[in-house]
Amino acid sequence: MKFSFRPSEGVFYELFTKAAHNLVRGTDLLLELALPGVNVQSVSERLVEVEHDSDEITHELYNKINSTFITPFDREDIYRLGSLLDDVMDHMEAAGSLIYLYGLTDLPSLPRELHEQVNVLDQCAKITAQAMPRLKSMKQLSDYWVEINRLENEGDRAYRMLLVRLFSGEYDALTVLKMKEVADELEAACDAFEHVANTVETIAVKES
Amino acid sequence: MKFSFRPSEGVFYELFTKAAHNLVRGTDLLLELALPGVNVQSVSERLVEVEHDSDEITHELYNKINSTFITPFDREDIYRLGSLLDDVMDHMEAAGSLIYLYGLTDLPSLPRELHEQVNVLDQCAKITAQAMPRLKSMKQLSDYWVEINRLENEGDRAYRMLLVRLFSGEYDALTVLKMKEVADELEAACDAFEHVANTVETIAVKES
Amino acid sequence: MKFSFRPSEGVFYELFTKAAHNLVRGTDLLLELALPGVNVQSVSERLVEVEHDSDEITHELYNKINSTFITPFDREDIYRLGSLLDDVMDHMEAAGSLIYLYGLTDLPSLPRELHEQVNVLDQCAKITAQAMPRLKSMKQLSDYWVEINRLENEGDRAYRMLLVRLFSGEYDALTVLKMKEVADELEAACDAFEHVANTVETIAVKES
């Protein structure tokens, strides 16, 4: 393997930004699931493609870590940030696939709180994509992680109220279990966005 | 931001101790839920207040990390320990809120194993509060983490036997799901106490 | 405590290898559960014994970390690798115990996908046991982690299809909940194998 001895930091920020933009593609697809007459199978298949793209970006990042002599910050932190961005995508793809596999869109409509969870994820994806290029200057990053923490609280509330509705007797037990699996994946995606933000904060603390 | 150049280690031990004492306030409230004729809404609201206090202590700690030049041990470990103590509180607050939101106290009584989980958490909180000031001398900490590991096993056993009871047919499926959510949060709080102890152990290993 | 000043690296590789071989003993027992006329109580009890052996190996490793002056790689990574190998065992033991405690073997047969999960775990255990001695030379480790990632995807797929079957109406709600608990532990064991492989990869990245 060839090593580059001159720092080529730029490529790391580009890959993080690319990974985060891919998450916006993911939440766009999850938002489509709320549209009337949506083709759920097609959305689920496109989510799988976006997830594969995410895997490729992650592997490109890992290769770059291994072939670069001087990295812009600790290689372990680069590694971790890449892996966490990939986690978000895994949970979003899982949510979409389960909605399809469980045939949940045969229901008249999905609960409102589930759409709220997706809306929160969409906002998280957008501000994460905006924040990634700022890793270069390490400036204005605290706005980003404060906002992610606020959104994560909002997502928690939507998730909690969804469970209250699911357990209220409005649905039969098996439908409850199916929807809970989907909600759990969306909640895990939201948590993963928070872990991304926490890692950015840790990196910023070290650099300060 | 002003930097203090003289080590002010004391404040870190004080904040960890304060955070752990706040967890004792949390388990005191969870214990109240077992009392006959308890006002569940009031307990749940006070748990939210205690959780806010926990958030404030955590933020004070993070600010202190960022404004202190020399920290008593790795700033990442301080960061992690603070974040894990906060996790315990989050799970305890969630358990209390769900008991209220799901109307579980309308049942004649909560299962015995759920009270056992709370008792284990109460013991964990107390010995964690006693151990935090000992971070200064790094002495007698192994007693603490050995005891937490023992308690965590006890908590696991209570959780496992609770599930056996819940799945025995004594309750209807939706009540089972509600209680399982509460039990999961209590189990997560117990696991988080173990992560706190593991982090203390990691710090002690580094310093030894 | 006596400190050895001469590096005694060998013992660390031996303990990792021993821990991984113990996991093969664990999956052997889980495979027994698929045999006709199996004594489930006996399998469950032997799993508890294997889990105790795993705990002892982990403690021996921790003591070795604390009493050794020069370790072959970061003591935190040694610590983490040991702890993750132990996690795998904890989840496998939990799965076996729950199958026994919930009386799931009274059913005519367990779902095919659950056996597929166990088969994946068995392969993970075997290649992990083969990889551990290679930590010494740090050679041919990438084959191992690539294969674990492939197996983890296979395990995910089996888990996902198991849930589709469980939620299809083939079983009553309480049986679904019991089987899901078992499947969750097997899935957690599979994830833990991936965390072991990720840690090995992190160590290899640092050493490269």
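Each chain carries a letter (A, B and C) given by its place in the written order, and its residues are counted from 1.
Heads up, the rule we're going with is that a contact is a pair of C-beta atoms (placed from the backbone, for glycine too) under 8 Å apart; a residue touches a chain by one contact, two chains touch by 3 or more.
To keep track of the chains, here are their UniProt names: A, B, C = Phosphate transport regulator.
Just so you know, these numbers come straight off a predicted model, no measurement behind them.
If the chains shown are joined wherever they touch, the resulting network links each chain directly to all the rest.
Rotation angle for the C-alpha superposition of chain A on chain B: 120 degrees, rounded in steps of 5.
A separation of 27 Å divides the Cα centre of chain A from that of chain C.
With touch defined as above, residues shared between interfaces to two or more other chains in chain A number as follows: 173, 177. Across the complex, chain A is touched by residues 160, 163-164, 166-167, 169, 173, 176-177, 180, 198, 202, 205-206, 208 of chain C.
Only residues 65-66, 75-76, 79, 83, 94, 97-98, 101-102, 173-174, 177-178, 181 of chain C touch chain B when the two sit together in their complex.
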